[in-house]
Structure formats: structure tokens, C-alpha cells
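There are two complexes below, and they share chain A, which is joined by chain B in the first and by chain C in the second.
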Partner chain A sequence: MSAVKQHKEPLLRIAKRDGIARSKAYAIRIVAVLLSLVVSGIFIFTVTKLNPLQVYEAMFDGAFGSNRRSWVTIRDAMMLLCIGVGLAPAFKMRFWNVGAEGQVLLGGIVTAGIMLTFGSALPTPALLVVMAAASLLAGCVWGVIPAIFKAVWNTNETLFTLMMNYVAIQLTSYCVALWENPFGSNTVGVINQQTKAGWFPAVFAQAYGLNVILVLALTVGMFLYLKYSKQGYEITVVGDSVNTARYAGINVKKVTIRTMAISGAICGLAGFIAVAGASRTISTSTAGGRGFTAIIVAWLAQFNTFVMILISLLLVFLQKGSIQIASQFNLNDYASSVITGIILFFILGSEFFINYRVIMRSGKEASK
Partner chain B sequence: MEHTSAIQLKNITKRFGKVVANDSVSLDIRRGEILSLLGENGSGKTTLMNMLAGIYFPDEGEILVNGQSVTIASPKDAFLCGIGMIHQHFKLVDVFTAAENIVLGLEDEGKLDLKAAAGKITDICQKYGFSIDPAKKVYDMSVSEKQTVEIVKVLYRGADILILDEPTAVLTPQETNQLFTVMRNMKADGKAMVIITHKLHEVMDVSDRVAVLRKGRYIGDVATAETSPQKLTDMMVGHAVSLNIERPAPENPTPRLDAKGLTVYDAMGVKRLDNVSFTAMGGEILGIAGIAGSGQKELLEAIAGLQGLSAGASILYRPIGTAEGDQGVELVGKTPLQIKKSGVSLAFVPEDRLGMGLVGSLGMTGNMLLRSYRKGVGFFTDRKAPRKLAEDVMEQLEVVTPGVNFPVRRLSGGNVQKVLVGREIAQEPSVLMTAYAVRGLDINTSYTIYNLLTEQKMKGVAVIYVGEDLDVLLELCDRIMVLCGGQVSGIVDARSTTKEEVGLLMTRFEKEAAQS
Partner chain C sequence: MTSTQLIQLIQSAIVFGTVILYGALGEILTEKSGNLNLGVPGIMYLGGIAGLAASFFYEFNNPAPSPVVCLVLSFVAAFLAAALGGLLYSFLTITLRANQNVTGLTLTIFGSGVANFFGGSLNTMAGGVGQISVATSSAIYRANIANVSHLGVFGSLFLSYGFMVYLAIALAIAMRWFLGRTRKGLNLRAVGENPATADAAGINVTRNKYLATCIGAGISGLGGLYYTMDYIKGTWANDGTIEALGWLAVALVIFAVWRSVNAIWGSYLFGLLFWMYLYIPGLTRSSQELFKMLPYLVTIAVLIFISLRKKQENQPPASLGLAYFREER
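This part shows the complex of A and B:
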């Protein structure tokens, strides 16, 4: 024996919690948010000499400063939520669908195409139904292709869905060139600007009311589907262990393809909402990276679609806020990104303290 | 004989949340002695030893090594104190050789000298009577060889206090005897040894002293020579337990499963099951013996419809009450769902509980649902019946869980097994297949399971019991089929055969191959 150490307990130890009261978990999260504001406040003050409170006020102003801004924030959060809801069943099945970007674009392309072609032929309600159905189908096809390859030949779905994104982007570029308006602008421009045919109508006098209703309906539906339906149960079993699924007589191939059909279809519908309900145009940035951000939304919420509402709102709020402070205080983008980063870091980090507790040497157990 | 103390534990307490795993345990581990640590599942044996190995840190109490108070905050500290633990699950790098695994993590000065290491390994092996090839890759090794590497690994690091956590669970009787010889050699060399095992005859065989834990408390220790399996069991459980397996004679057994020519190749093209034929009778327990990996897993999975079978195979199923001449239902070529739909009530407790039989992230209710979720016409699942079943299983088999929705992955091994066995028996099967149904279970629960199986047999169920403990196979089963290298090496009457005969059959073809 080379070294016998003194009897001394280590200063800090961590131990896994058995479970935690919901109220305590939320208390930890709130403390994390407050701490993140303090730390970013210190950062803001030392780097920019600005009053942190003013900066926070500006962030809030950027997201909810006016009625219009609030609705844009809500619209964008709904968009992100819709894709997150679409990704939830795939990721719950442990199918790494990183192809939401492409599925959204496909939904957008068919929506824009129908809007342009039949804009004058069909009344808007019928047009909306046709566009919704077509976008569901397009996203579904885009999601099912990698699923079939996975089910039949066991290809890697992460690479496959990722590659499908690039195909979708190229298809979008082609369509943009095809539908260019005005000629030479390399954009499609706002479709049916005069007639507004195929645009989402205002609901309850709100331009984006329909977006909210559609996405929240999907959110509730997906929650029930995953938690209480037979198909949702099959998704859970396949995601946990493919062998257990086979043991229970579940047709894993069928479940894989069916789930990706649903996942792709909802992402396709998100493309419909993005085109008919928001931008009224199509470009390669219609999805705008939301297909990837939504992965964070889905995982952070542990596939609970109601929690996803909060997370989408938070992410969009941070994004809008940082744009606002960048312009209002002439900060460069990086400064506001650092603030966003600090806030996210604390919120994610708080999960550690929810799952583990830290024990000090004295034996007193710190809860935070 | 006086032994010097290697380790003294004084009033060690360890809590996990509200659960007290060890409650003020004091224990002496002495040099030149093999100590058996005995206790039911969840009595805190592994937790206690993990604190010596630096995996957990005690909440209260003191550890003395050679009379000096020490802090063991990490496995490295444990090694500095000369403590080495061989865990239930091996921690080896598959693509490395034995020697590479053994030196892995050592921070010696200078260049890595595998040759010198191999020399030192060979010395250790000769000293204690092991045999391993330092240049052999781990993925080429049998379970027993891997275990030897683990033991040599801790000896190489200079450990003189060895803790073995259920080392015999994965070994054949012959390999177990080899291990015990080695342990006796190490004892003669003055090393202190602790062995955790559930098998009482092994306790009696190898140890000098037995320490008993019950529900986290230290009950006492006795010299092995002065005790008996019955006394030890009573100490462990806290009240008298009958250690006899009741084996009523089968009541008019009828053929239930008629398997012919079952041959299975695995994904690598290796023959795992070779032309296996047998009949499982309703109303009897058919034991399946064999060294681990002799085709037991493939056989059960083939019957369950989870393995592709080569051409010419046939499994005929005759439901309870079939007339004499009836052909029965052919199961080969059907998927598990088709088998179920053709009216076969097949219960299957697979070897890999969480990997195949259960959904780890779900609670007991969610796992009961696995067999019944298709019931009913609606789009949504019915949760009331599975919840009721979960509560029944929890009560009948005394499953320790915070609640029926607590993820089964976080339950202890024994409780996980109870959930699985409970669900499968609740299906009212006509064929019940179990693979190592009592692996890792304590005495009390094991006997509960044996009784449940016998109960099923008396109901006319065809029970297929794949086991590893020959004593139990001989006491529980009516007939025993022995597998060796994927082939049937014999089917014997369990009442008239001997342990030696079965043991010989287990290695029959290997010997024949060696002779020719």
C-alpha cells in the first residue's frame, strides 16, 4: 500500500435524486433563469457599459413591444412548435429525423405551386383545403422515403434525412427560378398580392389566428396520440427496444414507416402554414433552420408537446430580443448571441440540479 | 486460527434518497480467509462492497484498512488501499488483448512494455493456477476467460483484498470449481477475499466465514463449518423457510409442442442450433441444461417466432384438449403476432429482460400493456385492466417499487424479473418458456418462482425451463434436455439422473471432437 490518505470527505459530492417534487423542480428552473439574467447582466455591463436592465427591457420590447411584434413572435413560435410536434413521434421512436427542413420545404413548394396555379380558379377556403392536403402528402412522401430505406435495408436515417434536405433545397431553387416574379429578381415575390387568394383569412380579427388554432390543435392531438393511443404505445416500445417490440409481435418496419409518414406530413403542413399563413412566398430559406432548432424543442420537452409550447416561445423570444438589442444599441450580433447563449446555458444546466443533488462536506445537502 | 484484519467497516450507513441501503453496518474482512456475504436482493451487499471499491461514498461511518482510517472516494483510492473488485458485469475492451486490458489505465513511467506485462501476467497465473493467453483478444474469450482477465487485472495492480460480486452466476459447474481452486490458492497466499453469491452450496463449499445482511442491516456472522444452508436461509430471510421444491408427478401429460429439425444460423452464418428435435408435454416441466451459449436462447426464440429457421423445421402445437390424432398448428414460418392470432397462448420470459421482455422507460402498468394493448376496438389503449394487473403482480410477488408508473429500468434486477414473470404467467399460457428465470434472484423469490412454475405445470401448461443451477434443474424438472454446441446431447429423466451425468452431457460433443 503506497499511500493511505487521511480520513477526509471530499468537499463536494453529487448524488442522483430519486425523484423531485414538481414545485421544487420549477423553483430550481426559476432560480436558473434569474441567475442567468444576473450573469448576462454582468457580461453586458463589463463589455458594453450599458445598463443591463435597459437591455432586458429592449429584449422584451423586441419580442412583445407592440401588438404587431407580439403576433410575429407568436407566429414564429407556432411555426417552430408545429415542426417540433411533427418531430416528436419520430424522435420518440429514436428515429433521427433531421430532415424536417426538407419536409417543410416540400410542403411549402406544393403550397406555393397550387396557390399560383389555382389562385384564380378556386375560392380561398377550397384552395386552403387543397393546399393543406397536398402539403401533408408532400411532407409525408419526403419522410417515408428514408423510413422505407431504413426499414428494408437498415440504412442510416440521420444521413439519409439530412441528404434529403439538400435535394429539397435544390428543388426549391428550381421552383423559385420557374416562378420568378418579377423576372430577374430571383425571388417568387408575394403570391396573389392583389387577390389574396389562398392566404390565411383573419380569425377573430387576427391575421395569424388560424396559425395558432391549427398548431395548437396539432399539439393537443399529438399529445393524446403519443400518450394514449395504441399506435403511440407501439412508438414508445420501438423507441425503447426493437427486440422487445418484436417480442411483443409489433411489426417494427410498419411502425417505422407509419410514424415517419405522420412526422413528415406534419412537417409538410408546417410548410403550408409558413407559405399560406405567413410569408406568402417561397424561397430556399422558408424553413430557415427551424427544422433543426425544432429538434432541440422536441428533445428538451422530452416529447411532451405541451412543454414544447413554452420552449418554442422562449427560443423565439430570445431570437427576437437579440435582434432588437443588436439594432437598438448598435451591438454586433455576437454580443446578443452571447446573452442568448448564457440564458440557454443556465436553463439547460438547471436540469442537472433537478436530476442530481450536490452534497457539501459538512453533510448538509444543498438543494441547488 | 487467528487472522489479521484487512478491512474494518465501522457503522457504515448509505442512503439513496429515502431508501437506506446500508444501516450502520460493521464488518471485518480478514486476511487468509474467504468471507461470503449473503443476503436477499436489495439487502445492500453490492452497495456495501461498492463503497470499498470507491464507486459509492458512505454517508456515515468509517473504513479502516490495516487499522488505519482511509477515504475511498474513487476506484483509484481503492487500488491504493489494495482493494480490487470484480463486478458482475465485466468492464473490458472487446478489441483489446488480455494484456492490453490488464495494463489499461495504469500510469507507469516510460514506454508501454506489453512483453514485460505479459511476463508478469504469466507469473500471476502460474502462482494461483489460472490459465490465460495474454495475447488473446477479449472478443474471442469465453465468459470464464473474461472473468479470469478481470481477476488478473486487479492482482496485477497489487490488490490483496479481492471482492467478487456473484462470480459464479455465469459459470458452468466445472468452471466454478476451477474458480474456487484459484480462490483457495489466493487464500493460502494470505489474501483477503469476499464473495457475494446466492448459491448456498457454494457458500458452504468455498467460504470460511459467512456474514449475513438483511434489509441493509448487519445480522451477524458465523463460521461456515458451524452452520448449514437451512440456518443461513433463516438468518437471511428472518424466519424459517422451506428449502424443498415440491415436485408432484405429472398428471396425464399430453404432447403440446412437437419440434423437429430446428436449425438456426446467426447473422454471421454460424450454426447456433443444429437439428434439434424434442417434445414438450403439457403438464410437465422440461428442463434445458447446457453451458451458456449452447443454443438455449436461439431455441426459445425460434419457438416464439423470433428466429429464422432453416428449411425442414417443424413445430407443431396442440392446444389443451386436442384429440389424439390431431395434427396441431404449425408454428414455423409465423410471426409472433400470427402465432398469437392462431390461438397459441405462449408466455416467454427471455434472458435479456430489459432488452427483450420489457420496456425499460415505462412503469409496471405500461409493461403489462405490452401483451394486451391490442385488446379492444378503439384507437386508444385501455389502461384500467393493465393497471389492475400491475397492482396484483406487485402485491403477489412483492415487487418493491415506488409506484406502478415508476420506470422499471430503475428497479433492481430481482424486481425487474418479478414484473416480467408476473406478466407472463398472468396470460394464462398453454406454453410457458423461461430463460434463467431466477438469475440474480434471492432464495426466497427463487422459491416463489419455482412454486409458480410447478403451479402452472399442474394446470396442464407445458413449461420449458432453461436453467443454469444443476441442483435446481434436478429438483424442479420432470425431464431434462441437455444442449451442447447447439445439438441435443441427451434427454434424461430428472428423477433418476445425476448431476455428473448431466454435467458430462453438457460437454459431450466437445470431448468427442477432441478425441477424434
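This part shows the complex of A and C:
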């Protein structure tokens, strides 16, 4: 008889944590961000031979160095936050809405269209209401199409919404070519430059005050909706287990379509804010990849809209800062994407250490 | 449309199609293991820049570069860099159990950042001026497979491309054979369909997923290499084209219903649809843009069609996008 083969306990093994104190979870995340900054620092140093601390200082200057820069940073963070808030209900339901980019663009197209057509016919407040309503509707339609197919025929929503982005981008290019001004420039130019019809009015003497108010209102509203409303509860149940939801008598199809209508509509509204409240023009870069970045914002915040504020600020800070270091140290401003990528990789990886414990092999346990 | 125009259209369609064919082939292999890697654009970027950078440094430091060394260096560098991107994705999603979609999107951001950063500043860093250019390497990638001047229409339609066009076709057929006819391929598909069953049958799920994702990423990266070396002739442009092509590659995977051989003609069809607008008379600039929607609309139609038909063999791998942890069944 052969001897029973002795299995050694592996050097490292993992076990799921039962739960973790919130403070400890945040400590892990902060350590991850710090580590990522160190790695980014090494990247900056090897590429440029510049002191990374100096570079980070320049980044801070780029994002918050002057009153105007701070407001641009805030404006862009609000934009990202708005899309993230829009994505939160869909993702909480585990509906992979990768189509925010397209939903934002659709909202932007109708806003720009109304601004151009009715700019002289309606007073600005009425115009703003019409544009907001139209952009909500446009984003909603763009989001509901894949939702209906998912609900009825179980069509893969990740791939469907992804494709819808590119249809929307081409639609935007079409509108840009249609509305171009001056002719031959292939851009729409600033709409209603003279009359400023349909532009967001300054609030508290801040050009972007209304953006902040709108988005923060949405942020609070979405937090309450997800946490305290019956519909929010239904979203949670569907997200955790479709079968449980069905057993509990929740109409999964209805919840799927309704939630995507809300998600798409808020993303459409983000397009309205981007056009009427920031760029006053429309181009394929109106969404500018934010629809994808916002997915990361929503996911990392675990759908807590208040945490999203922090994450969108961090990401926009990185972008603005990198553009600054790019011009100051004669680099290329894609450095920001590299640094953003590194930081996100670390945060994504850190989630593992929040959910699991890594146990080293020790003599004591092995003898058990 | 004259016959010369038709030949031109088909030629540009095949060249365009080859870029996304590589991307799609790599992604098919990856998705067959159950990993939905949305980092394809980033991976193609990594492959493109690594191949370009490798031959750039070689050509920059050697006054008389040898074409063979150029070829091997850039090819290996592109494959390895892209596979490293895949390794990063695998480590995060398989070992650290991060969400696949989010990790993939991050990889796209990271890869496009790295590529455009170095693509834009490589020449400046090396002390040169203006655009990066690798004439010798590009020439060997673009060399016709046969001398076609005396072969007429047949020659210009089938034999007028660089070797990577044919390599892609060979790869697609080899992949079909691997996934359908070999034990390793069947094991891999079992992992993508039902990892728990595969695990119980003694298949190493983790190793299969890692290998498929890394090799798949390497293949996708060759698409980026083909793009920089052949499509834009050994230069670099920070215009985001690779990203758009990368998403088209993801679309092609669906269009081909996860079958590598379908991807061959699918990619050429996408190329035709993409370039058709140049050859249709009477299109204004705005309606051209609507025409460029076609590949995506066709993909959506296919996606809807396969979900309506519910034919078993046309479905995505059953555990696509889902993580597998043995202890959480």
C-alpha cells in the first residue's frame, strides 16, 4: 500500500471576510491610492527625470491654481458626477449600461438643435425647460431600447449599449455636418454667441453655479431614491438575484425598463448640461469618454452617490493637473490617462483586500 | 462604379478588415474562456505602440537596419506588450476578482494613455524632430506577398497585401481547429460555458483563463501593430482611430457569433461598409456620416437576431462576464 500523499498547506490562502469595519475599508482604499501615486511617481520620474513631488504640485496648481481653473475643475467634475448618478440605478440592478456616452450625446444633440431652432423664438427660461425636457426624453429613448430587448428577449445589454454609443457618435457627426458654422469648418461653433439664448444664466455670480445646483440636487435625489423608495428597493433585489425578485412578485421586466428609462434620462440631462451649461456647442467630444469614465466612478463608489462626488473630483483633478504638467514640463497630456489608469487599477485591486483576507502559512495552523 | 474603383474598394476593405480581424480573433479566444475583456482598444494601442517603439529605437540607433531584425523585434514587442496588458487584466479579474467590465474599461483608458503618450513624445525624447517614422520596418510589413504586376485583377485582389493579411486568415482557421478539434480547445470552451463543471472535471480553470486572456490579448495587439506598420505606414497619429477600431473589433466578435472563421468575412464586410460611402455618388458630407453607422447597426441586428433565435450554438459563452470562485458556488 502506498503512503498517503501529504499535501502541504499553500503558502498563501484566502478567506472571505464576514464583514469589515467601514473605517478599515476606507483605510485600505487610501493605502491603495497612496501606492498608486508612488507608482505613478516612478512612472513620471523614469520618463521625465523630474521630481514627482514637484510634478504633483504643478498638477494641483493646474486644477485649483486660480479661481477660474477651480471652477472649470468643478464644472467638469459635476458633469462626470451627473453621468455617474445616472448610471447608479442601472448598475445597482446589474444592468451593464455601457451606453452612457451615447445617451449623453443624444441629450446634447436635441439640446443644441432646440437652441439653434428656437433660440430667437423663446425666452431663455422657457427654452431651458424645453431643452431639459427634450434631452431627458432623448436619453430615455436611447436607454430604453436596449432595456426592452434585455427584458423581453434577454439580449446582452453590455454589447447592445456599447454599439448604441457608436450609432450616437455617427448621429452627432451627421448633425455637426448639418449645422456647421461657419460653412466648411466641420464644427458647429458657439451657438447663439450674441444673444446667449438658451445659455445657463449665472447663479450667485458664478457662470457654472446652475450646473452645480442641478447636479447636486440629482445626487441627493438619487441617493434617497435608491435608499428609501420602494422602487429603489426593487432595483436592489433585482440586482442581487433576479430569481428572488421574481419569487417576491417583482415584475422584473417592468423594473428593468423603468430603471433604464431613468438612467438614460439622467445621462441625457447630462448632455443638456454639457451643451447649454458648458460648451454651448455640440461635437463628438461633447461626451468625450466621460460615459465610460463614469462607469468607473459609479462602480468604485458602490453606487453611493455621495462617494461619487469625491471620486469624480479626484479623476477630474488628475485630468486637469496632467494637462497642466503637460504644458509646463513639455510633456504630452495623455500622461493623465496613464496616471488615471494606474490609480484605477490599484483601487480595483484593493477591493479584493476589502472582501477577502490573505492568510500566510503558519506553523500553528498547519499542525491543527 | 468602374472596375478599378471596385478593386480599390475591396482592397481598402481587406486592409481595414485585417486590423479589426486581429482584434476580434484575440477577443474570441478571451471570451471563449468566459472573460469579457472590454480592454481590446487599449490592448491594440499597447501592441501598436510597442511594435512601433521597438523598431523605432532599432532603426534610430542603426544606420543600416536589417529588415528581418526590424520585423522580429516589432512583432515580438507588440505581442508581448499586448499580452502584458492581458496579464494585468487577468491578474485583476481572475486573481483579485475585480469586475471584468470596469477593469476592461480601465485598461482601455490606460492603454490609450500609454500609447498616445509615447507615440506623441517618443521622437522628441530621442532627440529627433517632428513625426516618428520607421521606414524600413514599415516597408517589410507592406511588401507584397508576390509580385503582382503581371497577374492582373486576380493579383491585385488576392496577392497585393502584406504578409499579416494572410497570417490573420491562417490564424482564424487555426483557431477554429483549436477550439473545435483539440482537447485543450474543448477544455477552454468548457471553462467559458460552465467553469464549475469544468473544475469538477479536473480542468484547471484559472490557468485556462489566464492563458486564453494573455494569448488573446497578444493576438489583439497584433491588430494595433498591423495598423501602425501597414495601415498608416509606420507612423503615429494621436487621433483615437485605434480606439474606434478596437470597439469595432468587439462588435465583430458578436457579428461572427464567436466563430473565428466567420470573423474573416465579417471583418471584410465591415471594411466594405466602412469605405462604401466613398464610392456612392451623390452623398453629402452629412449623409456620409450616417453611412458609417452601418457596421454598428448591422451588429445590433445580429445581436437581436441571435437572442431571438435562441439557437444553442449561436449563444455567447454561458458564463461570459461572470467571475468564477470555487468557494462561492
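Here is the rule we use: the second predicted complex is superposed on the first by the 283 of 368 C-alpha atoms of A that agree within 3 Å, B and C clash if a C-alpha of one lies under 4 Å from a C-alpha of the other, contacts with A are read in each partner's own complex, and residues count from 1 in each chain.
Everything below uses one rule, namely that a contact is a pair of C-beta atoms (placed from the backbone, for glycine too) under 8 Å apart; a residue touches a chain by one contact, two chains touch by 3 or more.
All values derive from a computational prediction rather than experimental measurement.
In the superposed pair of complexes, A:22 makes contact with neither chain B nor chain C.
Of the two partner chains, neither chain B nor chain C is touched by A:49. Residue contacts after overlaying the shared chain place A:68 against neither chain B nor chain C. Considering which of chain B and chain C touches more of chain A, the answer is C. Shared-chain residue A:336: touches chain C; no touch with chain B. In the superposition on chain A, contact is made by A:351 with chain C only, not with chain B.
Once the two complexes are overlaid on the shared chain, A:229 sits against chain B while remaining clear of chain C. Common to the chain B-facing and chain C-facing surfaces of chain A are residues 16.
By the touch rule above, chain C contacts chain A in their complex via residues 36, 38, 88, 92, 96-99, 101-103, 105-117, 120-121, 124-125, 238, 244, 247-248, 250-251, 254, 284-290, 292-293, 296-297, 299-300, 303-304, 307-308, 316, 320-321, 327-328. Remark: chain A residues 16, 47, 96, 98, 149, 153-156, 158-160, 162-167, 170-171, 173-175, 177-178, 289, 292-293, 295-296, 299-300, 330-332, 334-342, 344-345, 348-349, 351-352, 355-356 touch chain C in the complex. Contact residues on chain A toward chain B in their complex (touch as defined above): 1-10, 13, 15-19, 224, 228-231, 233-234, 236-237, 239-241, 243-244, 246-251, 363. Residues of chain B touching chain A in their complex: 16-19, 57, 59, 62, 65-66, 68-71, 73, 77, 80-82, 304, 306, 335-337, 339-340, 348, 350, 352, 354-362, 366, 369-371, 373-374, 379-381, 383, 402.
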